[in-house]
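Both complexes shown next keep chain A, but they swap its partner, so chain B is in the first and chain C is in the second.
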Partner chain A sequence: MIPDAARHEWYPVAMLSELAPSFAQDTVLLGERLRISRDAPDLPIRITGPDGARCAVATRYGHLWTSPGGPKAGLFEIPEAAQPGRRFVDCGAVRVRCSPLRAVENFLDVAHFPFVHTDILGAEPHTEVERYDVQVREESDEVWATKVRFFQPMAARSAEGGIVTDYAYRVPTPTVALLYKTCPPRPEERDVIAIFVQPLAEDLCDVWPWMALFDDTTPQADLVQFQQMIFLQDRSILENQIPRLLPLDPGLETPTRADLTSVAYRRWLKKRGYTYGAQTVPA
Partner chain B sequence: MTVLLYDHVLSPNCYKARLMARLAGVPLETVAVNAYPGREHLSEESLARNPAGTLPVLVDGDLILTETQAILVYLAQGSRWMGAAGPATAATVQGWLAFSARLTSSLGVARAHDMLRKPADIAAARSEGTLCLREIEARLVEQRLRGQGFLAGADPTIADVACFPHVALAPDGGVTLDPYPAIRLWMRAIRGLDGFIEMPGIHRRHDLTPEPQPAVTA
Partner chain C sequence: MAEMSLIDSEMSPGWTAVSLSGDLPALTVMPVTVGGVDLALWRGGSGVARAWQDRCPHRGMRLSHGFVRGDRLTCIYHGWSYGAEGACLRIPAHPDLEPPATIRTIPVACREAGGIVWVASGATADLPPDLTGWAPLRSLTFAADRASVIAALGARDEAGILHTAAGGTDLAVLLQARAADEITAHVLVPETAGLAARIGAVRWLETARRRAEGPGPRGIAA
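Showing the complex of A and B:
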C-alpha cells in the first residue's frame, strides 16, 4: 500500500535521450508497474498505471517525470535549466539497494567527503564542517541548506587544485536533491548538480544524477564519468547503512551540528507524512 | 610515445589496466569513453579500434590491445609483476589470467545487473561467482600454508591484479565476501601495495594515510 503522501509527488522514470522515437517499455515506481509508451514519433509520451489509468507526464531536465496519484502541483522549477550557456549532463541510472530517502540524505551530507571521496571532494585533515544555515522555506515548502563551505582538493572536473567550495542544498520534493556549488571557470555563477531518485521499492531505487554546468572545455564523457565516480563511491556505503529504512523519529542516533540538513529533511518528511522508505516505528 | 588507454571509470577491467600501469610505474594517458549511458564504446570510431566493442583498449603507437589480460602482460613485461622465473610460475600466472575471465562473466555480470540494470540470469551469475570465490579462497589458504600471500607466489603478480577487482566488487552484485577470510587478507595486502589506486567501490586503506593530527608529545 503506497501512502497517499507519496502518490502525489513527482518522480523520474526514464532518461529522455534513451527513449526511441516510438517505444513501449515497463518500469517500476513505488512497487507498482508502469507502462511508458509512445506510439509514433510525433505523439506525446503516455504513462499508464497498473489499473490502466493515465498518469501525469512531464519531460524536463533531461528526464521523464510522472506522479502516479496525480500531482498536487506542477513539476518543481530549476530556473538554472533555462539559463543560456549551461551544459546539461545526463549520467544514466545507477541502481542502489537502499531506501530512496537514504540516497537523498547521503547527497545532502558534507561530512563524509574526506572519507568516501578522498582527495576529490575532501581530504584529511580538512574534515571540519563549519556552521551553516538550514531552513524549510515556507512559500515553496522546500528544505534549503546555505552557506555550506568546505575545502576540496578537486571540486569539479574543471577545478585546478584545491579550493574552498561554497555549497547550497535544496530538496524540492522528497526524492530529489539539488546542490549549487562554486563554479571554477565562472566565479559569479554556480554549478547545479542533482540526483533524481526513482523509488522502485522502499529499499531499492534507481538514482539518476544530472548536472547543469558552465564548462565549455571538458569532454562530455569526462563529465559523466566524474559524476559516476563520485556516486559509485557512495553506493557501497548506502547499501550497508542500517537500519535500511530511514528513521524519522529521534532514536539511538546522536546527530551533530554537521547533520543539520539531515535533521531538517527528516522532520520535513515527517510533517508531510512521507513515509515510503522511512522507518515509522522506532526500532 | 604516450600509451593511451580508452577507459571507463565504472569498468573493473579498465581499472585493472590503470592499476597495473600505476603499480608497474608505466605512464598512461586515459581517454574517457562514455560507455554508460552514452554507449560510445559501440560508436563507429570505437568499433574501428576494437570490433568487439569492449573496453579497455590500449594503444601504443601502432600496437592496439583489446584484451584485458594482454594489456596486463604488456604493461608488466620485464618486471617482477610477471612472477618468479620458471615454467611453473609462468604457467600458474597464465592459469589465473584465464580464470579472471570467469570472474568477469559471473561476478561482473551480477554487478552490471544490480547496478546498471543490465538484463541477466542473476541467480546463475551469483552462483557461478560464489564458486569462483570458493576456488580463490581455497587457493589463498593453501598459499598461506606455504608461506605465500598471493595467487602465484610470495609476491603479487599480474594474476592478482587480474582477479582482485571483480572479487573486491562482488558485493556490488549482491555476493557477500563475509565467508572468505583469506580473500579479505589478500585484498588488504593488495590495497596496501605501493602505488595502489582506487576505483569507485574499492576504497583505499585509510589506516595507511598519514595521521590527520600530529601525535601528542609529552
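Showing the complex of A and C:
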C-alpha cells in the first residue's frame, strides 16, 4: 500500500536519451509495475499503471517523469535548465539497496566528504563544517541550505588544486535534491548537480544523477566517470546503514550542528506525511 | 536500550567464540555475527579485543567498515571516533567540540582466553571455558545447520565443548551460530600436535564440511 503523500509526487523513471523512437518497456515505481511506451516516433510517450490507468508524463531535465496518483502540481522548476551556455549531462542510473530517502539525505551532507570521497571532495585535516543556514521556504515548500562552505582538494573534474567550495542545497520534492556549487571556470556562476531518485521499493532505488555545468572542455565520458566514482563511493555507505529505512523520529540517530540539513529534511518529510522509505515509531 | 534487549533476546546466553585471537591483529576491525546480531569486533593498539554493536550512533553506519587508529575505532562515514570504553571522543565536523557523554556505542561483553576471542550477551560472571592444553588451529564456516555440523564432525559434547578426532588427532570445537544455517566452527588441537597432524586435521575438517553441506544446493542434502 503506497501512502497517499507518496503517490502524488513526481518521480524519474527513465533517461530520455536512452529511449528509442518507438519502444515499450517496464519499470517499477513505489513497488508497482509501470508500462512505458511510444508506439511511433511522432507520438507522445505513454505511461500506464498496474490497473491500466494512464499516468501523468513529463519530459524534462533529461529524464522521463511520472506521478502514479496524479500530481498535486506541475513538475518543479530548475531555472538553470533554461540558462544559455550550460551543458547538460545525464549519467544513467546507479541502483542502490537503500531507502530512497537515505540516498537524498546522503546527497545533502558535506561532513562525509573527507572520509568517503577522500582526496576528491574532501581531505583530512580539513573536516570542519562551519555554521550554515537552513530553512523551509514557505512559498515553494522546499528545503534549502545555504552558505555551506567546505574545503575540497578536487571539487570538480575541471578544478585544479584545492579550493574552498560554496554550496547551496535544494530539495524540491522528497526524492529529488539539487546542489549549487562554486564553478571553477566561471566564478560568477554556479554549477548545478542533481540526483533524481526513483524509489523501486522502500529499501531499493535507482539514483539518476544529472548536471548543468559551465564546462565546454571536459569530455562527456570523463564527466560521467567522475559522477560514477562519487556515487559508487556513496553506495558503499548507503548499503551498510542500519536500519535501511530512514528514521524520521529523533532518538535512534544522533545529529549535530553539521546535520542541520538532514534534521530539516526529516522534519519536512514528517510534516508532509511522506513515509515511503521511512521508519516511524508506532504510535 | 532497545538494542541491548535485541542482543539479549537473540544471542544465546554464555560465552560464544567469535574468532581465533590470531585472526584479529592489532589495529583492525571486522564484522562478526552471533545469532543474527551483527557486531564490530576490533583490537586497538593496546592489544585489547572489544565487541560493539555494529552501528554508529550518528547515522547507523556499520562500524565494522571503519578503521582503528591507536586505541580508537573510527566510523568510515563521518570519522566519528570512539574510545575503548565506547564514548565518542571526536566529531571531525566540529573539531573544537567536546562530544556529549551521551554519544556512545553499545558494547557487548568480550574476553580473550585460550587463544580465542569470546563474546557474551549481557553481563556474565562466569569465565569462558578452560582450554588449557589446547592450541587454536583454524576457523571454518559451514553452510549447514548446527545438527548437521555436529553429525559431520562426529562430535560429542563435553562440558560445553565439542570433541572429536581427525584420524589420530583429537580436536576441540567451538561453534558460533551466525544464523540457523550458517555455523562457524573454531577448532583447536592439542598443544603437542605436530605440523603433519595439524595439516591432516585441516584436510579432515574440509572433508567434514563437504559432508555437512551435502552435494547440492542448500536444503537438498540428505
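The rule is simple: the second predicted complex is superposed on the first by the 281 of 283 C-alpha atoms of A that agree within 3 Å, B and C clash if a C-alpha of one lies under 4 Å from a C-alpha of the other, contacts with A are read in each partner's own complex, and residues count from 1 in each chain.
Just so it is clear, a residue touches a chain if its C-beta (ideal position, glycine included) is under 8 Å from a C-beta of that chain, and two chains touch if they have at least 3 such contacts.
A quick note: this is a predicted structure, and the numbers were derived from the prediction, not measured.
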Checklist line | When chain B and chain C are modelled together on chain A, clash or fit | finding: fit
Notebook entry, point to check: Is A:38 touching the first partner chain B, the second partner chain C, both, or neither of them?
Noted result: neither
Next item on the list: State whether A:254 touches chain B only (first), chain C only (second), both chains, or neither.
Entry: second
Note to self: By the touch definition at the top of the document, which applies to A:270: first (chain B), second (chain C), both, or neither?
What the structure shows: neither
Check: After superposition on the shared chain, which partner residues are touched by A:124: those of chain B (first), chain C (second), both, or neither?
Finding: both
Check: First (chain B), second (chain C), both or neither: which does A:91 touch?
Finding: first
Next item on the list: Using centres of C-alpha atoms, tell me the angle at chain A that chain B and chain C span after the overlay, to the nearest 10°.
Entry: 50
Check: Touch check for A:243: first (chain B), second (chain C), both, or neither?
Finding: second
Margin query: Comparing chain B against chain C, which has contacts with more of the residues in chain A?
Written below: B
Note to self: Just checking: does A:115 make contact with chain B only, chain C only, both, or neither of them? Give me first, second, both or neither.
What the structure shows: both
Item checked: Distance of closest approach, chain C and chain B, by C-alpha atoms in Å -> 6
Check: So which positions on chain A get touched by both chain B and chain C?
Finding: 115-116, 124, 127, 236
Next item on the list: Would you mind writing out the residues of chain C in touch with chain A in their complex?
Entry: 38, 54-55, 57-62, 65, 75-79, 91-95, 97, 103
Item checked: Of all residues in chain B, those that touch chain A in their complex -> 8-10, 32-34, 36-38, 40, 114-117, 171-172, 174, 198-201, 203-204, 206, 209-210, 212-213
Next item on the list: Spell out the residues on chain A that touch chain B in their complex, using ranges where they run on.
Entry: 15, 17-18, 90-97, 115-116, 118, 124-125, 127, 206, 219-222, 224-226, 228-233, 235-236, 239
Checklist line | chain A - residues contacting chain C, complex | finding: 111-112, 114-116, 124, 127-129, 236-237, 240-243, 247, 252-258
